[in-house]
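Presented sequentially are two complexes of chain A, the first with chain B as partner and the second with chain C.
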Partner chain A sequence: MTSTWTIALRNLARNRRRTLTSGLALAVGVAGISLLGGYVARVELFLRTSAIYLQNTGHIVVYKAGGLEHASSRPRKFNLSASELAAVRSTLSALPEVELAVDYLSGVGLLGNGCKSVPFLGVGVDPKLHARVLQHPEVVRVTPDLARPVQGKILAEYASIEGAVALSSGLARRLSKSRVHDQLPPGRTAGALPDCKAASADQFAADANVQLVALTYDGSLSAQDGEIVSTIKTPLSAADETTLVTSLSRLQQLFDTDTATYVAVFLKPSANIHAARDSVEARLRGAGLQVSVYAFDDERINPYYAGNMAMLRSIFTFFSVLVACVVALSVVNAMTLNVIERTRELGTFRALGFTRRDLLGLFVRESVLLAGAASIAGVLVARLCASLINGAELRFQPPGVTDPYQIVIATPPALSAMTCAALLCLCALSTWSAVRRSVRTGIHRLLSHAAA
Partner chain B sequence: MNSPLIKLDQVHKRYRLGDTTVHALRGLSLELRRGEFTAVVGASGSGKTTTLNLIGCIDDADEGTVVFDGTAVTALSDDAKCALRNQKVGFIFQTFNLVPVLDVYENIELPLLINPRIAAADRRERIMTAIEDVGLSDYVRQVPDKLSGGQRQRVAIARALAMDPLLVLADEPTANLDSTTAYKIVDLMLELNAKRKVTFLFSTHDDRLMSRVARVIHLSDGVIVRDEHMDHRAA
Partner chain C sequence: MRRNLLWILGCALWLATLRPSGAAQPGPRVAPSAQALLRVADRARGGSDEGVRWTIQLKVEDDGETQTRSYLVRARGTDALVEALSPPRNKGEIYLFNDQNLWFIKPGLQKPISLSTRQRLTGDAANGDIANTNYARDYEATLSGEESVDGEPCYRLELKARTKSVTYDKIRYWISKARELGVKAEFRTISDQVFKVATFQYTNKIQTATGGHEFVSKMEIRDPQKPRARTILEFGDPHVERLADSIFNINNVAR
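Take a look at the complex of A and B:
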């Protein structure tokens, strides 16, 4: 039995070259959007994971009201006090979407090797909770290299070492500390201060001892010994020469405080981040806490993530609009030619009782079939290209990032489905726009056009 | 049988060609009875095609009324006219107007496709009956390009009859055929007119065909100049 779909299919086969040309244009468009979208999706996943788990912000960050802006300069007033921290933790523990809440203390000081001191930006965190964050399945899946220490092991492995610190690679290099605790002979103690003018890099590397110096919140000078147990990568190069991670208690001792700068909230995978942010903020304020709550993608929290994603989304949108225009013009052109060639046929169909809607439907079916075939071809081409690109392990170093980044193109089925659906709609709309005027032409004109 | 199937009353039709207005029909009045086999003849531009177009609801009159099977078609919506054409009118064109990508069976099936009330089995039966009626049983799966002119016109006749219409309109159906084939086509239409009791109205230039027609309407400059009821119609 013939159907209007059969007629549409036969009409597509009628002018094979035109159909092939239009179909190729559509398929290339789908492949292009799928590849770019897949790249953007992969970068987004990388930056998101990096921001949430490796830059210690969690999905949601809880600051004391005004803390984001003022805690670094006036920590005594804008840090979360011990009682506030307890209240925050208690409130968060009642929320089912919360997987983990971690207190972070940050502060600046000087780090010395006995001869030279450089500024550091310290992060204090409970090593066991920090280990849970670094070993989160999402981190293991997306950014395993960044979470793994360059030298040594993660901080939680050195609970018995007093003053254990992890330094970013750049910070360790500035202090010529090229070896960490595990790489030095057991039983070794910090040696006498070297003759700084004559000291060689080997002498500084002979031990893993560093000295942390900072001003307490009262303004007194405070110092602690530290033992470098690991060196780490920081996601962003701006932090590579300054980052120091140690236990929360150790950093609190240095600053002589029992406060924390913020609480990072890690959510379960199924949670809606922005809805959770609203919920957490409402709960905390309901508990009488004067706090500010931010989602990880707030540009005040993660300007690198927000800025890069805004740029990538702009590029993707621009490219998609460009492709959509090419697709629309291609379809309009093909369908206009089809209509011109089949004017008599249109008249015949109308004379036989086909309504304008029926005729529009016939042409729309043709473009939907064409778009469907082109979508499948485009998705397959995109997957093939993605496999080749991923297999080639191409690397590049974006500005502001510590290490070269492998170009990985994901081809998520949802993106492919959305691209195909958008193409089908666009083709249907373009066809409707190209054909609707012709089907409104008088039947006698359509028929006499053929006779001309 | 004698009630008028078609009634045109003081119908006017004008066309604009650039700055010129062509008065195609000038107050034409006409009645066609059920089962009649009628030819409309006249010189080029006399209004034959326009008359057929108005009766077949593929064009609208500027003035006057066109009544089809008791319905004033001028008041009908476009969709209603489509339904009327589909269910009550069959069309045969000078250039056959078959769809080249469809075979004989599928071309005949076209008007049936858009009528959801016809079941698949009924549809198949109607198509096969129409194919047998026009003598194309051996060409069911042939595409139009593989058929001769006469065979193509037979397909067009079968397509026009597939819906069991009240009226078949044929605009110069023999103009693109040699005289032998033209006679055969007219004879076929006569045979089907007798067998199916379908009203036929066709336009022609060919004086030789008039010897086979029961009624001949002569048009000139958009008006009927002579309406002849012949008694020499072939049996």
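Take a look at the complex of A and C:
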């Protein structure tokens, strides 16, 4: 057995230039697939973490049946009532895969600075639970920049401030509110009414006071004062000019309700998200609750994640197929030339008692050895390129995202192993297909074949 | 001699006041100016340079539920101060209309909030619906025909907003020929889709410096998409009142 592998290795060394050329082609293919796959894997991780933890959907979202479609227009009917929320929480607490369940209330209104008002999309959440989500190890590892406030601290740090609100940077900018609570002298109150025709940006920035106004669920106009304690980044630029985060109780007060729009369920890292979704839905319905449960990757919940991942996976598949075709053709070409050059040698082997299967095995071994060496080289090249790219801290801004983010290419061992295994199989198969007809030829014809 | 001269002068003056005989005959009827019609119709909906005060009972009926609110309106020219009287939760809230700007002031709130007249107040009523109407100022009007509304001959006017800060982009407005009052309005989107229809009644009377005239008593708003819903504004106790400039000043009202 060992001798066959040795012969295969020696055969590779006979035509070093061809072996090197073929090996390089394979190594470049492996490196390319590894880099592209690593990039897609990293983007997926970024989008997933951002969708689950920063866009407040959790791994699983529980709405009242029909709530996803109608809660924004008919919240009184399609929000989860206080008793339903208690029942959901009680059911979820019994599930071992659930790490945390958080109630979220969302609603629209206007935010004013004393002179002008702009629309906001408000999110109400318990500040302590919100802090747990923002400080989750996965967020700290993958998207620390997005979770960290641009100005001020996270909402939970301002429990003593009535009406504490966090605004997205774009929303604060639209109201000329360039300073937050901590950046202003202590003990100051809201300034005098600005002269709206002559007011300057400095005048608006002199305090962090804003007014929230919205229609309650029974149609009355409701208004509250708010104090900007932080400005935050939103993962998607579409939300940058409209996002307001405040405590659940404060937003409930504004809309005069004790309901919530949905419950976001955060799972433990080991949990299977789709299996957990099925299990949560079955348990909640079993408890008599009319709810709809969605996984975070449902395009109705996170269209940006679902759309981008579908596109990236298509690109990855397309390039993988392209590289596979190039590799297969290159191997078939090299092996065909090899067989033609070594036809009389094959005849000699056959005359010495080697079977057709032995000869086929010899060529496949040569191919596998070449693919193995190229795979190792390709993975090493990919890792080198990845560390160079990561070290260069290149940044780019994908469409629809607020801030440019650093291109980080992960080269997970599992992906490298899969790429190498796929290459080995592809090379073995291509060789088998290129050589099998030649080794079937009779010995006398092989021996009488004119040397190339 | 002197008496003759006076007599001749008197005859001359009398002759000067006479119109040519042709002018006294009824000629072909000339369509009135659309803007002039609007000005007259506005007067019956609070659009007057005199200070006027009235109350509004606003009822929203939707899907079998009814909600009621009431307001006190004081208006003059392009300004209006609307104070919420009920329900108790909203009592004391003020809507201040300064020209085409609208401020919402709530007791205890540190600053007033700028709102749009287009925003929904409650039911199908927009903020601008509770203030005085100044269609002649806010809209470019053209007379597009004549039609009967509930058997009453009317002029049909097409109103197009002069600025974006008014309550509606387009209005089709029917003004009674005989009474010179707006009896029906279709509120339209910029793409000419009807999204609300309002009808008006005028059983109130108001005495002004120039005499008495009718004043709006009821405005009923319906959304064609929501057949089970209607919003009714009942206007009561309209009377002229001397209103100081200061009550329409945001700095005074917000303090």
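Side notes on the structure shown:
One rule holds in what follows: the second predicted complex is superposed on the first by the 447 of 452 C-alpha atoms of A that agree within 3 Å, B and C clash if a C-alpha of one lies under 4 Å from a C-alpha of the other, contacts with A are read in each partner's own complex, and residues count from 1 in each chain.
Quick note on the criterion: a residue touches a chain if its C-beta (ideal position, glycine included) is under 8 Å from a C-beta of that chain, and two chains touch if they have at least 3 such contacts.
These numbers were taken from a predicted model, which means no experiment stands behind them.
By the touch criterion defined above, A:Ala351 reaches chain B but does not reach chain C. Between chain B and chain C, the partner in contact with more residues of chain A is B.
After overlaying the two complexes on the shared chain, residue contacts for A:Gln183 are found with neither chain B nor chain C. In the superposed model, A:Leu110 lies in contact with chain C only, and not with chain B.
Applying the stated contact rule after C-alpha superposition, one finds that A:Gln397 touches neither chain B nor chain C.
By the document's definition of touching, neither partner reaches A:Ser249: not chain B, not chain C. In the superposition on chain A, A:Ser220 contacts chain C only, with no contact to chain B.
Residues of chain B that touch chain A in their complex: 49, 53, 56, 58-59, 78-79, 82-83, 85-87, 91, 93-95, 97, 99-102, 105-106, 109-111, 113-115, 120, 123-124, 159. Residues 1-4, 6-7, 10-11, 13-14, 344-345, 347-356, 358, 442-444, 447, 450-451 of chain A are the ones touching chain B in the complex.
For chain C in complex with chain A, the residues that touch the partner chain are 60, 67, 69, 87, 89-90, 93, 104, 106, 109-115, 119-123, 250-251, 254.
Chain A contributes residues 110, 112-117, 189-190, 193, 196, 209, 211, 213, 215, 218-221, 223-225 to its touches with chain C in the complex.
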